[in-house]
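Note that the chains take the letters A, B, C, D and E in the order they are written out, and that residue 1 is the start of every chain.
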Amino acid sequence: MSRNAVAAPGTLGRRTPNRLASALTATTVYCALLAAWELYGRAEYRPGGVLPPPSQILGVLWNGRAGYWSNTLTTVGEAAAGFTGGVALAVVLALVMDRLPLIGDGVYRLSLMIYSIPVVALAPALVAWLGLGFTSKAAVALLAAFFPVLVNLTGALRSTDRRVRELGEVLNTGWVGSLRFLRLPYALPAFTASLKIAAPAAFIAAMIAEWVGADQGLGLALLYAMFGYQMPELWAALVLSSAVTGLLAAAFGWIARIATPWHASIDAGSERR
Amino acid sequence: SDGSSGGKSADGMLSINNQLGWLKLTQFGGFYAAETKGYYKAEKISTSFTAGGPNILAWQQVTSGKAFTGDDDNTNVLVAMAKGQPLVIYGAIFQTSPFAIISKKDDPIESIEDFAGRTIAVTEASRQQFESLVKKAGVKKVSFIPAGTDPTQLTTGQASGYSGYATSQAVALKRQGVDVHVLYLEDLGVPSYGNVLITTRDHLEKRHDDLVRFLRATIKGHEYMNANPDEIGRLVATKWNTSGLKSGEEAATARFQKDLITSPKGVLQVDPVKMQKIIDELVDVGTISKKLQAADVVDTSVLEAAYDGRTSLLT
Amino acid sequence: MKMQTPFRPSAAPSHGGTAGPADDGGSSGRTDAVPAGERRGRFLSGMRGPATSAAVLAVALAVWEIGVRVTGTPSYALPAPSEIATTADWGAVSEAVKSTVLAVLGGFVAGNGAGFALALLISASPILASVLYPLALTLRAIPVVALAPFITLAFGRGAMLTIVVAALIVFFPTLVNVLLGLRSVEREALELMHVLNCRPVTVYRRVRLPAAMPSFFDAMRIAAPAAVLGVMTAEWIIGGQGLGKLVITAALALETTTMWAAILASSVVAGLLFSLVTLAERLLLPWAGRR
Amino acid sequence: MRAAGSDPGPALAVAGTAAAAESGNSGVVRTEGVGKRFDVGGRPFTALEGIDLTIREGSFCTLIGPSGCGKSTLLRILADVVQPTTGTVEVFGRTPAQARQAAEFGFVFQDPVLLPWRTALANVELPLQVAGVPKDERRKQARDLLRLVGLEGFEKALPAKLSGGMARRVAIARALILRPRLLFLDEPFNGLDEIRRRQMNDELQRIWLETGTTAILVTHNVSEAVFLSDQVFVLGRGPGRIIAELEIDLPRPRTAQTMLLPEFTAYEQRLTDLLTEVYGGIDP
Amino acid sequence: MRAAGSDPGPALAVAGTAAAAESGNSGVVRTEGVGKRFDVGGRPFTALEGIDLTIREGSFCTLIGPSGCGKSTLLRILADVVQPTTGTVEVFGRTPAQARQAAEFGFVFQDPVLLPWRTALANVELPLQVAGVPKDERRKQARDLLRLVGLEGFEKALPAKLSGGMARRVAIARALILRPRLLFLDEPFNGLDEIRRRQMNDELQRIWLETGTTAILVTHNVSEAVFLSDQVFVLGRGPGRIIAELEIDLPRPRTAQTMLLPEFTAYEQRLTDLLTEVYGGIDP
């Protein structure tokens, strides 16, 4: 039973009816929380306070919708570019590590070290090399996205079921063939999981990168709100960034489900068995 | 390269990239006024402005050639120059730095003595300065904590004083209904400039005339802003910066900062004598170790050429 | 059915088919254990991690040194390693390392613990999942720096805060990976536990948790540098004694070499923690077949 | 077509003696002193020792022996999936690695290792896909083979939806589709009912006769071993080694009729005796 | 001890007729109209239909039938691992779930599902550990059982290091350690050599006689079915249903001698005929 072991949908848990119940529970809980927050906000919130009522936050969002929309798009664009690049880089590195274990190991560790450098520290060098535009934001997002993918993918590639690898040898698939037909499919669940980690990471990284200096973006809106001490605006930016990552997570959960229908691991919470 | 930072473009316009020392806020409304009012165009300059931010050293963009000119915090620039960066200061936006200790009106900090027994949130960069001030004044039991990016520390009572920008943060707090008292660094006897205009020594020598044209238009812009704060504040929030600023806030800031920007000799002035005091102070505190000479740091020839003996260019 | 030539010309007796165990060095697709000295092999490969780290670090430093010299990169943007080595304030760096390491360990443990616990809750009950998962996502969706005001309100500004911030950065990868692991269980193994009439707790303890371990170790590999990042970020937001603070103050004072010394130190801390995780995995999960 | 043998009596030869030496040069698979040591539960464990065997080109050869005696390991060594600790192996006059790389191997593993994301059909197709055969072509062949193993109608089923025996038959189809020059079969018909097993035996013999493949089978079924083989190697345990070699000389193609011959029963009896002997030696 | 039967002739009864009704009330496992539909490759597929069976307390009962006919599915339904689509199941007069919750089941799956992180010994211990038996006690029992299945010396080996047959024997030991009231065996002796299989048959009979367990076995081995069973259900396919029921009336304990009895061979022949019939019906 490797990590890639397979559990097909059976009837073991018999949990299907719970899906509706859990959706209802979640809705109820969050509605209740929101209501409480709204009540508290209305009663207690004074300008300068920390918790403005949700209705006010929504108002801010609605009134500034055009600006928020374009700011969000900017950041999403940066994050998407970084994410794509990061995933591509990670996949390439993982393959290199797989092919040339010794060099690969070194590259792995170097990646680790680069990943552990905070954006704050990297900023001057990044700005010096890539300027203050789109590229430097995308680069920061890339750095944040690539490492989780690299770790998960190498982990999964390293632990493909022994029997499957033997099958590949007998079929004389060669390295490429064994990746294509056997090992990458086996690594797919771990890979999609890493995308779920990398996507929000890239988005947040892009936001932080905008703090280094930018003209547009959700991170900048957040910074203005913080710097200008405007709590409703701060919350509005936070709501937006949560919404984006929420959508990203949902999207990647969905992709995982589509891509690995044979695998038991499906999105959070709902064990379809 | 010169192409992006300041050079001739095909249509005969001089293109200049200006690196702002902070986000695109109303404190740079003067540049924007010059842009919208066509003062740069009149000088045959086409400009681009790059926003700065908390983690970027604006002067670095200038020395690296990414920007032809720019502005940055005075202390930062002096530190860089003490380290041998080939910079020169040719003007200053704020005649008095808006950097201040902000406190609540009902629990105000009005002098260095009021620090006693309080918790004050100060930025990393200014900490030494405040520590030395407190020490000199013999004030006891002050606890300094690092200041966050936002003034929650003040509103939630974690600190009695918060070091920040009077132009933006104090104004924001006031408009939120938090009544605040502002104690400028200058009020504590520390001379200061806010956001000095810089370029490289090389540019100053070789492209003096370009600088003069740029500065002339910029002076006009600042004068226009001081005359029409509401208009510029609104424009900043709606046209220049689309990241969720509010017209009202920015207009208030523009009105508020007027006093800090004007001086008897006109806007954007910088005085070597005052600069020398600032340098001495910083050496004293230990922020910079090398004894700089104001004459090597500041160059007033661009200002003089731009004003050409006047104190205002618009009126 | 298609016919194939029944007999191929039999190849000449060849140059002795020596397929010795020589090429069995665990590098490529070989799967079986090297019989004699496998333990020694495991020990060696355990040592290989730090050794490669050192080697790679050396090479990277060399490339860096040469790169800086050749391109003439100004030292305020990126100083050469030799310059860092000679002019950095190593005393300050080593002081900072001490306090950072503690916080990193704290954040690492707390973040992984929180992620693990959350994954357990989420996987155990769809209802809890539907409530907790959005919450986790939201927490993840907010840049920690933006949360700073709320965190400082809740936890003050002590060491606790540093740990909380690091944990916030660490927990999400752990959550996702452990969830993956908890579900990567063979159907028959679950059926077996079902027939044995195990309570869910027992199923978790005996089957799901062990099955989740490889993924969990992957999560900890991600967490090692993430914890360092978290602590540095926290120190950036709130100050403190550690490397993050040193990076900022050095940057402000334009002590670029000291700043880079601090960054290098943080990378080394991350690398060591990472190697520790790898070593632990080798020792604790011999069955997982990681090479 | 193979020549039908005429000598009816069971020819028993102890390993490494005349019979093996006789067929010496024509051996398509030859091992010399092959041994394999594993680390089991922290102790070194000798799974195989001093295996000398020679398998003739185009012959059908069977390994039989108690569970855990090293049959699968030996098969894996011959197929270059596992490296021996000692000794040399030669396949088609080359190293096993070279032979494998010439893509001449088919292998039915003891577990039917199906890829869970591929349908039954796609699993059978796999070897052809790896070899780059065009889609239509390989699909057609795979369909035919699935029909052959009695799985018509289950082409689109994922492995998780197949019964144990069905999965096994998919694995057999997958090994046969390549028409390999050398076919390894590790207890391929385990878990099939007797009738299906017979049928598969017939089919296997037919394919083998048609293609001239050399086949090496592991089985625990004595009657199957006699029915299919030209040569049977009996392995003993502790450590695994070849105890005896039996030449089965029965006319081809063998049919249900063949199984009624007294020679057939004699071979069966001989093999059973040998196995009992092997057991006697180690499990007193 | 079981009563040894006296009537030597094979008693054949078509499913759902006299024989089943006769033992009516004493049935420890009873199903009525049980059916199971799956979704296979996008189409609904009826694996089982109208299964009515009654298994007497303490009896040894066998399911036999072609591969893919639904034997494993039926076993899973009885053990409350899978829910039937139609029909009712009663075990010990309760629902299968209740019976299972009384911890009275042992199950050998068709694949030996060993937990890869546990040694052979720890895998065998698992059911006792889950039941909260103290360490020393369960370790001792597990050791004994491992010895019984011929795996002495492999206590510390991880499953990945075991041969196919060895893994299977660990799985058998694991099912037996609980001495369950109801024992499900899904082709447990697949992949064991004949001699080991015989030996395991003997052991299984001994344990069954000792403990009074009710056992339900799936096998493809006719001789094994006759040797072990009181009742044999022959399943047909398309969809899976009970075609015939055979009562095996041979004295207990059965030994190698029993297998030489003409009745034994008669039973074997009868069963083989039935299976051939089943096949004839579906695979023309």
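One rule holds for everything that comes next: a residue touches a chain if its C-beta (ideal position, glycine included) is under 8 Å from a C-beta of that chain, and two chains touch if they have at least 3 such contacts.
All figures in this text were calculated on a predicted structure; none of them were measured in a lab.
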Exercise for the section: Could you tell me which chain lies farthest from subunit E when each chain's centre is the average position of its Cα atoms? Expected result: B
Exercise for the section: Could you work out which chain's C-alpha centre is the most distant one from the centre of subunit D? Expected result: B
Completion exercise
Taking each chain's mean CA coordinate, subunit A and subunit D are separated, in whole Å, by 49
Completion exercise
So, in whole Å, the Cα centroid of subunit C is separated from that of subunit D by 45
Exercise for the section: State, to the nearest whole Å, the distance from the C-alpha centre of subunit A to the C-alpha centre of subunit B. Expected result: 38
Problem - Chain centre separation in whole Å, for subunit C relative to subunit A (CA means) - result: 17
Completion exercise
subunit A touches at least 2 other chains through residues 1-2, 6, 8, 10, 12, 50, 120, 124, 128, 162, 166, 169, 211, 226, 234, 237, 263
Practice task
Note the residues in subunit D that touch 2 or more other chains, in rising order.
Solution key: 38-39, 42, 80-81, 111, 158, 160-161
Exercise for the section: Would you pick out the residues of subunit C that each touch at least 2 other chains? Expected result: 31, 33, 76-77, 145, 149, 153, 186-187, 189, 191, 194, 248, 288-289
Exercise for the section: Going by the contact rule at the top, pick out the subunit C residues touching subunit E in the complex. Expected result: 33, 186, 188-189, 191-198, 202, 206-207, 210, 213, 285-289
Fill in the blank from the handout: The residues of subunit A that touch subunit B in their complex are 46-50, 64, 67-68, 70-71, 119-120, 123-124, 127-128, 131-132, 210-217, 220-221, 223-230, 233-234, 236-237
Completion exercise
The residues of subunit C that touch subunit B in their complex are 74, 76-77, 145, 148-149, 152-153, 157, 237-239, 245, 248-249, 252-254
Completion exercise
subunit C partner, complex, touching residues on subunit E are 76, 79-81, 100-103, 105-107, 109, 111, 113, 115-117, 126-127, 129-131, 158, 160-161, 178, 184
Practice task
Please name which positions on subunit D make contact with subunit E in the complex.
Solution key: 38-42, 64-68, 70, 72-73, 110-111, 119, 150, 154-158, 161-166, 168-169, 186-187, 190-197, 220-222, 272, 275-276, 279, 283
